[in-house]
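Look for chain A in each of the two complexes below; its partner is chain B in the first and chain C in the second.
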Partner chain A sequence: MTALLTIEDLHVRFAAPDGAVHAVRGVDLEVRPSETVALVGESGSGKSATALAFMGLLPRSAEVTANALRLGDEDLLRDGGRRTRRLRGGRMAMVFQDPLTSLNPHLTVGDQILEAVKLHTDLSGGAARARVVALLDEVGVPQPARRALAWPHQLSGGLRQRALIAMALAGDPALLIADEPTTALDVTVQAQILDLFQRLCADRGTALLLITHDLGVVAAAAHHVAVMYAGRVVERAGVSELFSDTRHPYTRGLLASIPGDLGSRDRLPQIAGAPPDPLDLPSGCPFRPRCPEEVDRCAEEEPPLDGPAACWVKGEAS
Partner chain B sequence: MIEGVVVLSILVGAPIAMLFFARRVARGGGRVAPFLLRRTGWLMVTALVVFTVSFLLMRAVPGGPFDDGRKLLPQVRHNLEARFGLDRPMFEQWLVALRGLPTFDFGPSMTLRDFTVQEVIGQGLPASVLLGLTAFAWMLLIGVPIGVVAALKRGHPLDSMLSAGASLGMAIPNFVLAGALMWPLVIATGWLPAAGLDGPRALLLPSFCLGAPFGAQVARLVRTGMLEVLGQDWIRTARAKGLSETRVVTQHALRGALLPVVTFLGPALAGILTGSLVIEQVFAIPGVGTHFVQSAINRDYTLALGMVMLYTVMVYVLNAVADLLLAALDPRVELT
Partner chain C sequence: MTAPVLTIHDLHLSYPARGATGTVHAVRGVSMEVGAGEVVALVGESGCGKSSLARAVLQLRRPDAGRIVLEAPDGPLPLHELTGNALRHARRWMQVVFQDPYASLDPRMSVGDAVAEPLRAFGLARGAESRKRVAKLLEQVGLGSAVASRFPHELSGGQRQRVGIARALAPEPRIVLLDEAVSALDVSLRAQVLNLLLDLRRDLDLAMLFITHDLAVVRAIADRVAVMYLGELVEVGFRDTLLRSPRHPYTRALLDAVPVPDPARQAGRTLVALGGEPPSQESVPRGCGFANRCPLAEERCFSERPRLRPVDGTAVSCHLA
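And then the complex of A and B:
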């Protein structure tokens, strides 16, 4: 099956006062139709930058290069981003992290969804308005006709995220990108929103690229997982392989730090050290300073991602 | 003729605009009726205080309406004072004037013989309002586009040029601007009339000189507001929808960027009103501005009181309209 989202050798650089930050350093990623892929990593690992680069939503100061960025058979690298804009909100849509700040406070919720409906469908007037209410209903907003007239500040965080999801669905996208869609919400609401994504994607056959740092979310929702560290994908696997046959020491560290059946231990295990400074990456493997399994070769050469994990010791260690 | 059209369109347009704002505000859960009631109540209190203070201050300064250098026979002076009721006790004078306050019927002017205060205001106000409104239009016409362009071209030489121009524009007093523009546009080329208010062409220069300095201030406000709004998450949401950059700016960013301007409308309108006193003098426009200064100098008690109350009411009402507009644009604002 051909991929719906294709990213080959994506690089993103941001200009910073003391040198360029190389935030994404050669990411390859594929999402096939109707499947859910989780992109996992700490803040600063480049997962959001990867998604924003694909959507063409990075600020103009960011430098984006890639061998290929494709949505289905549409080449997003051609004609200077115009094609990307045409597809944005239509065949590909994105939901962001913070629903409290992601809606325009000066327009009603319904009007903001209506904009997307008018832009990506042939509907207008009353039919477009009816579609807005239907979308709000589909994402589980109670009293959708009344809520469409509400201003964002009159709704709770969960309802606002649902409204933003409705907006993303307006163009009936084949690909939905969700950038930490539950992080800013209450724990109880998080589960509901996650369920909603799974239901919507199953019902509509929408592919989902789910960006998260929460491996619990990954286990519950994803088919495939890509783990990012310091701007690269360091491990890629099906979700059950990732949990049963973890190859990269970084991923193992992440899994160990999930709160679970810890028995009487009073502290969560955590990965020692901090993520590397993107302006001053260590030589060789960027995870080396924090890695418990370091060998000599790690300092000399950065391991490529051929096979499931970008690690020199993967086979022997596990 | 043109003044008549202005007055008519304000009388029709203002209530429609108020109704429109009010409906929007009410939809957002704002309570318009209590707001209007409260503001009306405060207007009455404010008007009473301003009225009393200016009534007393006028009479406290030395000199009176009939001390214009000529010697008056005691009998003549007595007759004059009796005619305008100035021989009555102070409290009675205050009561008589107060009775005229609701309709601006303060009786005859004391120095402009044969004219009542109502007539003076009635003749001059349309020209002043016309001048003020056109200046207001200039202010937005200059300020908003310059502010938007400067923000979108941030850091570009064009931005620096426009921002420097705006700072300069704020620093130049309107009468200096008038003098500077009069030479090329009036004296050297004869394109525009130098004075008076005969037709729309005569209005161009004075209204521009009155509005431009405020336009410079609006440009700075819009630029700052625009830069702040463009960094917001919901602008990224608007882009993620697939809106073109033009529509992101006009339909999402501009509304937020204009909020500081609406807050500035109250002070700006007050400034335009007082600025028009000078501009009316420079361009010999038959508005009320001249009377404002002259009545105070001449100790024309009745006319001065009328002018003070006119400006009080105008500033107060326009501020209330600006507040209502702000609530209409930003549903999170509470009407107080």
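And then the complex of A and C:
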């Protein structure tokens, strides 16, 4: 099946007082219909910048270049962002981490979803309102007709996130990008939202790009995974391969630093040091200063992502 | 066994409801203890009352009723009765680390001054002696004494949280209360800070009350776990027992909702174990607070409030456990 989201060689640069921050350094990514791809990384790894660049939501000061940004066969690079604006909220939609700051406190939840319905469908009047209630129902909001009249502050975090997902679904998107959608939510609510995403992929054929730092969420929700570090994808695999045949030392460090099930009071394995300063990346592989596997070549040349992992030591396909 | 460092007995805390006439019953009769050198994790979801409990324990908010006793080197201090200077001095023995290390440090104060502040405030050290102790504390939390002259904005999130920990350790407290202290950190930095806390506990025999919603943190650091729901403790037990065989249906649902970072094991589990939402804290049900979401609830659960009682070494508040 052809990809719905295609990103080829994406670069994002931000102007900073001490020089340009090269936040995304050549990312390739694909998401197919009905598929969930997890984009994993820590703060500053470039995962959100990648998504925002695709959605055309970065500030004007950001410099975005790419070989290709495509939604299906629509070329998003061609007409200076007009196409992106037309498709955004319609065929492609985005859900953010914090459901309270993404909602307008002065409008009822229903009215905000109604705006999206009117903008992206031919419905109006009673039919549009009925659609709002149907969307809230679809995302599992109990008593949807009553909740449509509620103000954002009257809803719990889980219900607010559902309302935002309902809004994102108003234009019947083929692609949904969710940036840390459950990070601010409790685990029992997170479980409900992840289940909702799974149903959307299965029932509507939605392609989902799920941005997260939580490897538990990845295991539960994703089909494919791309791990980002210092602005690049450093490992790419199907979800079971990522966990069973982990290649990149960074990914292995991340997995190891999750507290195990039970047992010892030993120290957790940890990745030494901190992510590099984007204004001052080390030579060669940016993970090198924290890497337990470093060899001479790592300082000389940044490893490409030719096989499963961008690593001179562990990168070969088996 | 020596006396617990912290004893909380039948604590109640309520607030007037926002913009209305009702009352929010945030903490409803919580009793618990933290032993010397023990790490107790208090877990629960947003709105369960865990942060209200922390505020009451710290006396940042006066509880409606209940006792909070802190065992200081020269005898027990009944925090709920203390005021003014007596309360201020008592705080030396119980320090706190908050979630957001950026918001809890003064941006205009250097790291060294921030760590020295409690030493000065409690009259413990000045001048050269203070500088010496600050340097030692910064070494102890793995920052090195050179950061003393830096300012919070020059530090990463993980480093700032270490400064918060150094500051909490400065007056040599007997217990530190950590309110979601590692929740804002990335995975790799979180492991570093948890390891630091494990080291400190071993080296200083420090007791900790660790408030968190993150069960991964519980696994890493807790000796005992207290699970809170709708203002009450529903289960209290040793970590391994509680995680391996949870007795309360809510504890079970909470554990089931955590995705396992292993697709092979995750494939055999259903994540959604719990529907609905907790009842409003303004109209707390007469019976069990969890009954309306509980898959096992019987008639009795809606009419009769269960109390914590021992079941196989764990304390559980459930008629059916």
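In the analysis below, the second predicted complex is superposed on the first by the 311 of 318 C-alpha atoms of A that agree within 3 Å, B and C clash if a C-alpha of one lies under 4 Å from a C-alpha of the other, contacts with A are read in each partner's own complex, and residues count from 1 in each chain.
Everything that follows uses one rule, which is that a residue touches a chain if its C-beta (ideal position, glycine included) is under 8 Å from a C-beta of that chain, and two chains touch if they have at least 3 such contacts.
This is a predicted model, so every value here is computed, not measured.
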Simultaneous placement of chain C and chain B on chain A, clash or fit: fit
Partner, of chain C and chain B, that touches more residues belonging to chain A: C
Contacts of A:His106 with chain B and chain C, given as first, second, both or neither: first
First (chain B), second (chain C), both or neither touched by A:Gly171: first
Which of chain B and chain C A:Ile258 touches, first, second, both or neither: second
Chain B versus chain C as contact partner of A:Gly72, first or second or both or neither: neither
Touched partner set for A:Phe243, first chain B, second chain C, both or neither: second
Smallest separation of CA atoms, chain C relative to chain B, angstrom: 7
Contacting residues of chain A [partner chain C, same complex]: 42-43, 142, 156-159, 186-192, 194-195, 213-221, 239-240, 243-244, 253-255, 257-263, 265, 267-271, 274-275
Contacting residues of chain C [partner chain A, same complex]: 45-47, 156-159, 186-192, 194-195, 198-199, 213, 215-217, 219-220, 239-240, 243-244, 253-254, 256-264, 266, 271-277
Chain B-facing residues of chain A, complex: 55, 57, 85-90, 93-94, 96, 98, 101-107, 112, 115-116, 119-120, 149, 151, 153-154, 164, 167-168, 170-171
Chain A contact footprint on chain B (complex, rising order): 27-29, 232-234, 236-244, 251-252, 255-256, 329-332
